[in-house]
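Handing you a structure now.
The first chain written gets the first letter, and so on, giving A, B, C and D; residue counts start at 1 in each chain.
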């Protein structure tokens, strides 16, 4: 068994090596073109020349997407004029998919490493860790491969990106509402703080003059590295949360809710205040800040954050949070300082809400305070409810379902459709959201526990398809 | 017997689909990125109507390798900057060769980066804020810009009402409102006037306070370049509060919504716009005639136009926008995004709203605006004058 | 002095009328909260729904029919919301009832968006109260003057109802102690239904006055007034009807003063600042009575 | 004085007009089992709540190991309607919160069982070890406290062993039968490593046989962790069998105190209980 595992992994390593070798070598397109496009036909065919020229131009611009787009068109339109031998075909294949093959190779390497590890280390906990590692690797390389196959602008990737971000937002809200039993509706406010902090510090100086057009370029004239800005976004949100928590956390359930809601609205007003214009650009759009172009980024960031939250919840502090949720008096009698722990939960949740806000800003490519209304908070709250109060994997799962159905699966409900001449009734703009909110009401009324209740995915249920979400948690 | 009937029925259903099956070289998708709901919904719908009419007039485009059918794909950006990106994303992912829109500058700015990432050329139709094209290589536009419009209106305020004090009212965070108000104030102050400016948050319905402070500020004109939803409230409340100060506004107010709200009141409302229904130019006259006819034979379209057949300037612009898009396709001689991106800058077109050619920013070289005034008896627009940069400069 | 009044009278008038309209909504909140301890987030949307009902009915029916129909429709809506969304959750934790309320408001808004295509609708002009009148120098609509009067009349009637009728007594009992009054054989569900009916009725009246003033109806136009009305209820002392009314008038006037000063950006924020201030320093509001938490 | 663990000095608790506890003073010495008995509504639990800091008394002081933990006097508003028989008000105001008091080494159980409903038996006890974990959030998140964590789990397991619930440690706390839930509450209290254990009607709703077991159990626990125990109880036989001294309280007033024998013979007590049918 052991020997078999090791041999298998060695074979895999070889395969990976082969893939990597080809993917790297196949990267010089212009020479490849000269081989496959015969000169004389070039002379005759204007269109062909143009197509080849465009490819070379886009190579010069180093515009990956454009290059691939033009290459694909060349191969479609002039398939008859191009002659390639097997090797050229192979090269071309590797050129067109070289990201994919590289990612695949990488995954194979990890897999073989895992195989060896599992062969050598027998203990239960190591085995678990290995499975986890493989699953994570599978998730991320999977995302990367899919992205390069379907293109990063496809609806699927859009949904995945937004879903990952909402997952973080939902989990951070769940930490507060589900695990600590504090009914806070301030999420949107803290997201706003995060989004603005991030945006303000990463707008590139060149376009500041144009973004802050009414405030002659604004005050901030430098930019921070993305990661620093993101963490700063979290810290800013956490700081405000700390200040707000001091008075508010002494309030009881629904008074707390309405007070936090109020604070969110106040924050929104402050950020729109003209007097702060040089920093916040008043009520106008912030844009031209650094954004992400691959889904891996949001997945990585929110993955790490969710993992941290999960660790916190399963730590001794997390247990105290749950104790407070279940019975404040008893918790206090067990020597748990209510205020300190509530404050801790509130600040932590807001920290991650802030980071989520920053990611959302990156996803939207523009931020505006006006968008962060209480409706946004409600949306996330409903995700948490659907996923199940007090279940991380539930929130993650629910976020992806929520985003997918609102952005994608239910879209068709918004378009007037004809079957032959028969006009399908009811279908028209806005119907999607109606169906959607009906579903939500159904969940709230009849499946009060949500998808997961307060359970989590366990390693035993490995067959669960979307377990990727939880694995990161 | 039943079987037979059902068979007939099925055939009947199939017929139209067969009728469609003509032989085209292919299909080219043009995306319509417009608000159909929200504060700008009314205007967005009128602009969209213009586009659809144009498509009805010219349903196909002829390229060197055959005649292509033009398919219009429409998304609703809900006039909100945070809904905009996913709407834009949808157009990109549904393979639009070129995108038209939007009514309202904010949503256009918000979507610019998405279109840019997708490599799709977008042609702004009535988004007048400079930011739309500034720093967005793939965003073009066929209307004039706010600095120009603002100046025009400032001069009009000065010449017509010889005003020295103005009050501007804009929606908080709406790039169109804020921008236009900003340029108006700048121009007005250069002309030696003074301006008091205020902004109201989205969802405001009580404007009496603002109108009162307008009166208290002693303004001789109120400049309120808001979206139609708020416009109608401002007008009704101004009437209710017996405001007599003349009201000025930008192109958004050129809408039957305004006329309805102002009907029977004694307010003086003047608006700058792209196009005048009464334009006697051959192309324009023909367009107006055709468009009215097209509207009137379909109640749904009529409803989308606000329940009447008054031709809004944005409809005319929408029409031109579509035609420009076709020109771009012809010039690029393909439906490929990159081909279009390479050549679109050279497109020129003699539209119903005037001659259209792009400058280095991708903005249309426009030098004249129509100014019209509401006639509250007949609920229609009266043409006042054509104002162009040249008259201003002197 | 004359100039001062002259300049500021409109603010005051606007403040008073909008205050009265808030009051009519606030009563709905405060009564429901007093009995169910539930912030009925959907109340603001019921208020909007009333407006839409008016818009659509008035398009086809004469006023003297559409007016009562609107009121009936609103009352039925309020009643249905309670039966469908809140009754099943009587035994559930408070949080999930509140979430259900949020869900309902979400549903109502989307529904209205769908029906109207998301475009602003013009509210029909109700004769006489839409006429313009002139007080001193300020011109305004009749409704501005009617609102406070009507509000006060309605409130007086309501107080009579609560203090001198059987059902009123039941309401007071239930709001004092839910469980005991159930044991005393009071039909809790009926009491609650009546509460919602009254609340919706007042919301319907409120919406007529409000939208006669501010004629554009959008799916979300009820949200802000709703929240502010709730703040008014808290400010006046949740559960206390006179408190709610006074709170509403104060907020209405205050926010217009804020606008008059020129801090328009903060006119909404102010309301919430007030809310938080009250919650922290005087959770019982102006007239609310203290309740003991039992350990 | 030295061996005196808990001392109440003129504790008075007044809710509005109701005088729940009036001028109540007791002492509990090292390694004693002391019981407070009295008819329903005599103010026993109120006294407990004052001791554990759930609410401050209207007037009076509480000393724990001669450290002042609670000391309060009527507020200006209260003074006017103050009905307590003792009128000398302590000057200083001290009011430790329940968690601080627990940290000092005083743990309690509740009359109406207050377990952490959604947690397992084991977790319920584990939570009670939180106050002894000397680690900040970060070390907790990044598992730098694994040693402490291990210790905590070991301790919790011990406690469960003591109360004999080890075999049901992964059950949901609320799924246990009544008697075991009471034991779990005790285990949870023990897990906070108390010196003084306050039991609020530990035998409520138990049959004589269970009660007898409980008596044994309390004795064992007391010996094993050399605790001092203060308990409230109706079950006379339990009280009589285990307690060294007994305080009898009626209508908030201390009416008698002494050894079980003394108390039993005290006519006042008999009067108080006459016609009472507690069990």
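Convention: a contact is a pair of C-beta atoms (placed from the backbone, for glycine too) under 8 Å apart; a residue touches a chain by one contact, two chains touch by 3 or more.
These figures come from a predicted structure and were not determined experimentally.
The minimal number of chain-to-chain contact steps leading from chain B to chain D is 2. Of all the chains shown, the one with its CA centroid nearest the global CA centroid is A.
Taking the CA centroid of chain B as reference, the farthest chain centroid is that of D. Each chain gets one centre point, the mean of its Cα atoms, and the points for chain C and chain D are 48 Å apart. Centre to centre, using the average C-alpha position, chain A and chain D are separated by 51 Å.
Centroids of chain A and chain C (each the mean of its C-alpha atoms) stand 40 Å apart. Between the Cα centres of chain B and chain C there is a gap of 38 Å. Residue positions of chain B touching 2 or more other chains: 36-37, 172, 199, 201.
In chain C, the positions touching at least two other chains are 113, 117-118, 265, 268, 295.
Touching of two or more other chains is recorded for residues 54 of chain D. Within the complex formed with chain D, the residues of chain A that make contact are 308, 311-312, 315-317, 319-320, 322-323, 325-327, 329-338, 344, 348, 390, 454. Interface residues of chain B, counted against chain C in their complex, comprise 36-39, 41-42, 78, 172, 198-201, 203, 205-213, 216, 228-230, 232-233, 236-237, 239-242, 260-261. Against chain A, the residues of chain B that register as touching in their complex are 12-17, 36-37, 76, 80-82, 85-86, 89-90, 92-93, 106, 109-110, 113-114, 117-119, 130-131, 134-135, 172-173, 175, 178, 182, 199, 201-202, 336-339, 342. Chain C meets chain A in the complex at residues 37-39, 84-85, 88-89, 92, 94-96, 98-100, 102-107, 110-111, 113-114, 117-118, 227, 230-231, 234, 265-266, 268-269, 272-273, 275-276, 279-280, 283, 293, 295. On chain A, the positions that touch chain C within their shared complex are 177, 181, 183, 247-248, 250-255, 257-259, 261-263, 265-266, 268-270, 272-274, 283, 329, 375, 378, 381-382, 385, 389, 428-431, 433-434, 436-438, 440-441, 444-445, 448.
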